[in-house]
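Some structures to go through are shown next.
Below, chain A partners chain B and then partners chain C, in two separate complexes.
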Partner chain A sequence: MTRLSFVLSRLAQTVLVLWVVATLLFLIFRLMPGNPLVAYIDPTFTADMERALKRQFGLDQPLYVQYGVYLQNLVRGEFGRSFFSREPVSQVLGQVLPNTLALTFSALALAYIVGIFGGAVLAARRGTWVEGWGIPAVLATRAAPEFWVGMLALALFSFNLHWFPSTGATSPGSMYASWWAQVWSADFVRHLTLPAVTLALYLQGLPTLLMRSTMLEVMDEDFITFCRMRGLPERSILLRHAARNALLPVVTAFALGVGYAIGGNVIVETVFSWPGLGRALIRAVAAKDYPVAQAAFFFIAVVMIVMNFVADVLYSVLDPRVSHERR
Partner chain B sequence: MIKRVLRFAGVGIVLVLALGTVAQSQTQDRRVRELIVLTRPQSADPQEFETSRLVAPDFESLGLKVTVRVMPWEQMSDYVWYSRDKWDMTMWQMVGRPERSDPDEFAMNLFHSSTAAKGYNFVGFINPTYDRIAEAQRIKTDLKTRRQLIFEAQKIIARSAPYVFLVFPQSSYAYNNAVWDSSSIVEQRGIGLKNFWTFDAAKPKGSQKDMILNANDTVKAINPLFISGAADSWVTELIWDRLYRVGPDGLAKPWAAEKAEWLDSVTLDVTLRKGMKFHDGRPVTVEDVIYSFTAPAGDKVPMYKPFVTIIDKLEKRSDSVIRFTLKDPYAPFLTSTLAKVNIIPKHVWEPILANLAGKPENAESYQEATPIGSGPFKFVQWKKGEEIVLEANPDHFAAPKMRRWILRSVPNVEAVLGALRTGELNFLGFYGGDPQLLDRVARESGFLTVVSTMDVGMRFLAFNMRRPPFDDPVFRQALNMATNKKAVRSVVYKGYATVADSFVSPSLEFWYNPEVPRWEYNLAAAREALAKAGYEWDAQGRLLYPKGKVETLTGN
Partner chain C sequence: MSGGERAAEWPQWARATATWREALRVAWGVARGDRYASIGLLIYAVFVVIALAAPLVAPYNPHALIYQPDGEVAANLPPTAAHWLGTTNLGRDIFSQLLFGARAALLVGFAAAFGVVVVGTFVGLLAGYYGGWVDGLLMRVTDVAFGIPFLPMAVVLVAFLGPNIWNTVLVITLLLWRDTGRVVRAQVLSLRSRSYVEAARVLGAGHARTMFVHIAPNILPLSFLYGSLAIGWAILTEASISFLGFGDPRVISWGFMLQDAYNSQALARQAFAWFVPPGVCIMLVVMAGFFIGRGYEELLFPRLRRR
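Presenting the complex of A and B:
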């Protein structure tokens, strides 16, 4: 099996998985008790309005027709309009996605930089007090609930020390020429700090421990012994030889981490009132806004599946020992 | 001999057993089934959940088996609304809104028989006398006569007991009194501090001239022809003017209208205030006003259509006078139509609606990039999911004193309290937490003023009158007597509520009937009332229907 055919077959699998995900999403929201019209129940809600809404939402059609329309639209990348804001779904999500990406990538970058160096240090200082304190610290921050860490961070750094603002992504009423101008502003970075650090504390556990254990494995290998025999300084052995080889699984974990982190921000976004995808998702599910909820979940699934695929391909590119040959 | 005795004894035993089972099965048929109370989960609405848990044991002490069933709101409202013959009892809530300061909406839509099949009368209350009174109060434009009718309507409802009225909760709002001049903050009856009049009048004391307030939900749309969510209406009220507005006292008062005059019971002449301008500089004309009331009549503005269907025709009498002719006399017209419909610029909306003709979309799906109204505030920017910024319109006849009005979306209650203390927020626009905690935070801060206001909205427990035993007024009254409303008020609401006996809030002094029949908490009296109506109790203490009535339904 060549690399090309490997990529092609993985691609075909990906499409199949996406279809299954899309179908499940369609069914889950419709099988859940309740219906989107109840959000409009009010003393002035009339039967005429109910009919009009049903027609508008396409709920007057039988389920299989709705499913057909849904799949057709999906293929065209068209998710319809939100039942509640009446905007196109791409717009609803497009407005909050950049904020989620900013939060996710800054937290991931922070977590992986700290994790890689931290893991390397933990491996190098094996059996010392550094390891004795370090590993419990890593595990504790990884295991601490995000909302709790977030609330502590708010109480300490925002409400008592006044170092950072407590809500939103920008100061009230601030205006920027473009989204990019906003992202590079000091104000945005100040707002980003607490949520990003909170999320990073949660994410750092995986890269740190993974880095440490692969480092320990690599350190046992013959070429490290050979390096030592050549009389290379210990620092150079650690960083230039051992760490570079140990990085491989961490890089693939990063690709997967992107997938998970995109959907996993709900709690941090709620605690810090961050205007992101996670909160849009909660609102859509609570209000039974089928189009928005489906699209948001589908997007998260796509990112995860694609990142899985990237991790697979990346692995074989980075490590020639991983082969695609049938055995 | 012994044989014969045995034979007799045997026959006797069989007979006794047979008779016994007949008697047993008779009482079993008459036994009232297990009754279900629906409520939202504790996480979604702790007060509602706790109330249901508090009243159920008292109901059980009457010999009933009562089960509290928890359902998420989406499921519960779907069930109550679309399966009208399936549920027994449900906890419910009406929220306070300015237009609910007129009792017509509740009097008509909650209890009139026409709304029993598909509308808000989901309890299935049918009473021809009540219907007549509810219809009559709509027609009588004379306030005194109308009040008499509303009083009568409240009496009938209290006596018939389709609900157990529980409490009118208090809503707490707060502001930073170092930033805002206390004398300029307005408390609206039944609504509280967060209202149009406060936003229009709030006077900054120092250099902070922006009002920064919170909402728990994000705004969905800013559209004068679409009622999309609670927080949305705070924004539309400020950007668009209306001919009338519900004043701080709960009564409609002229706003964009200089005055309005009833020529007869169906003809109203409205004089438009002079010199008004839209935010794009164009004047507000009689044509714009007429357009604002005719546009919803088509099929492109479904949400506002019910408010204008009563209008037969609109005429321009002069450059400032519009004549409304109604199909039927309609007393709440000023509150429920003139104070509700937004005045929109014809030059903006006519082309939009023309463009939508023949398409499946309607005006609700149109979001203006910069919404244009004539109201006291102008639109500045909207960061989705984060904030909305409006700025004062200095050309308005009631120009605001503040510079900008900034609505931040903050879903985290603790963060709201923290931000109030740091000054990041200077007005509390929504608070879903413990009112005692808010009072404490305010006391400790030294610069927060909290005001709790009795709500127009109410909490109640509704009976499904389609299903026995709830078809029997005596049974419903007995459950009313078995409800300890004072305990609900003090335990569940920690005193931040008023016990309710009517669908009209006592905060609406003009409309509230202080003489409505009250059902005092008295379990003995409740049992007595049931016994008098023929109800009995079996050996296990379970309640039996009066003789001749059997249980036909099963608990589900």
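Presenting the complex of A and C:
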């Protein structure tokens, strides 16, 4: 199998997965209890008016026709209107998406910087007390519920020490010329700090452990033994030879990390009342605002699935040893 | 290197374990032999005892409102001798809730892990053993399961099915079997062509017998590894679902306690005795799962132990 056909077959697989997820989403939300028109209907409606409304929304059509319309709309990025604000869904989510991106990428950057260095240190100090305490500590950050870590951070740094605000992305009443001006404002950064650090603490486990184990693997290879035989200092062997080669899987995992982070955002955004995509999803599900919930979910799923694909392709492109033979 | 590829490097003991009983005995021996795994088992044992003894040990009914002698509700009490961790804003005893919370956590953890192991092992066995279109179909299903954002889907499904602890277990099972399935399949692929499996086939063993008597016992430790990790993920997921407000309202779990504390301004009141202990309990139980998993990993992939 050549590289191109590998990429193409993975692409086909990705499209298939997207289609199945979209179909599952249609079935779940179409079978949800409750009348989807409940937000539009008030008690003064007659049965005739309700029927007319149903026809207007296409809800009198058979399910497979509705499904066809749904798929067409998905491809065009048309998600309808929120049941509550009656605004187009794309507008509702467009307002919160930048906040989610700012949170996710600042947390990911922090997590991967800490993880790469931490993992390298853990590998270099193998068998010492650093490893003995370091690994359980990393496992503890994976085992601690994200929302609980957020609650502790809020109780300490927000309510006790008053260093950081406890909710939102900006102070009430603040106005900015543009989104960029907002993101670079001190106020936004102050709001961002606690959620980003909490999310980073959670995300950091994967790159740390991955970096450590690939470092250990690389340290076993012949070229490292060769470096030792040449009498290179241990420090330069670790940093210049081992760490550089161990980075590859970690870089690939970054793509996966984007997917995980965006799916895991629901928790952090809820704890810190961060006006983002994940919180919008949770609120929409709780309020039975199905168009918003569906679109938010679909967006998160698309990011995850596409990032899985990117990670696979990156891995095969960056590491020539990966074979494309069918096993 | 993926877990499957690593598993292809064979530990010698696996060849000898021919029966299920032997496989179980080995699994137990591993858990006891490794230091991390022993700590994990000890933590589990403590929490199992707490969960079983909760009705006997708990000083109060975790749902009951407690009144003071003057008839006032004993709300927001700080920790005292009578209420070790104080009371909630509605006057419920937090320590009793903490003890009862162990029941929900272990119930969800063990039930979901059992489901994950059963579904994952079956899918992996069938896909790996039969190959061909069965494998293709099952692996595409696995791809889909990997493409679904875990927590958002869990929340949507629980909202759809109704807030009930068994729905939570079902949803976690439906979403978590994927890792086990993929890894078991890779292991079965390497087992299928072994000479002892071929010998069994030549001697006339049917498909079912070959799969469940000759192959399954050898993948059991791998299933256990993923099962012990699944306990942790399941407990974390249940806590997250409860925290987001989609948990079973009749069941007191640690996640429910944390949600209760969060929504009742316990953070602003600095009621640390309310919201610190449930989180510590979740962390301990989840770490116990990781520790046991680590013990199995060292057995399955002895190359790691050398390091």
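Just so it is clear, the second predicted complex is superposed on the first by the 296 of 327 C-alpha atoms of A that agree within 3 Å, B and C clash if a C-alpha of one lies under 4 Å from a C-alpha of the other, contacts with A are read in each partner's own complex, and residues count from 1 in each chain.
By our rule, contacts are C-beta pairs under 8 Å (C-beta built on N, C-alpha and C of every residue); 3 or more make two chains touch, one makes a residue touch a chain.
These figures come from a predicted structure and were not determined experimentally.
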Considering only the touch criterion stated at the top, classify A:V21 as touching first (chain B), second (chain C), both, or neither. second
Which partner chains sit in contact with A:F45 here, chain B, chain C, both or neither? Use first/second/both/neither. first
After the superposition on A, what does A:R86 contact: first (chain B), second (chain C), both or neither? first
For A:F297, select first, second, both or neither according to whether it touches chain B, chain C, the two together, or no partner. second
Look at A:A155 in the shared chain and tell me whether it touches chain B only, chain C only, both, or neither; answer first, second, both or neither. both
Looking at A:V189, would you say it contacts chain B, chain C, both, or neither? Reply first, second, both or neither. neither
Return first, second, both or neither, reflecting whether A:A140 touches chain B, chain C, both chains, or no partner chain. second
Let me test your reading of the model: by the given contact rule, A:P275 touches which partner, first (chain B), second (chain C), both or neither? first
Which partner chains sit in contact with A:Q95 here, chain B, chain C, both or neither? Use first/second/both/neither. first
Take the contacts of chain A with chain B and those with chain C, and give the residues found in both. 32, 151, 154-155, 158-159, 166, 270-271, 286
Which part of chain B faces chain A closely enough to touch in the complex? 71-75, 77-79, 81-82, 94, 105-106, 109-110, 115, 118-120, 210, 212, 214, 217-218, 220-221, 226, 228-229, 299, 302-303, 305-307, 360-362, 364-367, 380-381, 383-387, 389, 404, 406, 408-412, 414-415, 418-419, 421-422, 424-425
Residues of chain A touching chain C in their complex? 13, 16-18, 20-21, 24, 28, 31-32, 126, 136, 139-140, 142-149, 151-152, 154-155, 158-160, 166, 216-217, 259, 262-264, 266-267, 270-271, 278, 281-282, 285-286, 293, 296-297, 300-301, 304-305, 308, 327
Parts of chain C lying in touch with chain A, wherever the complex brings them together: 1, 140, 143-144, 146-153, 155-157, 159-160, 189, 232, 236, 239-240, 243-246, 255, 258, 261-262, 267-268, 270, 272, 275-276, 278-279, 282-284, 286-287, 290-291, 307
Given the complex, residues on chain A that touch chain B span 32-35, 38-39, 41-50, 52-53, 55-56, 81, 84-87, 92, 95-96, 99, 151, 154-155, 158-159, 162, 165-170, 172-173, 175, 270-273, 275-276, 279-280, 283, 286, 288
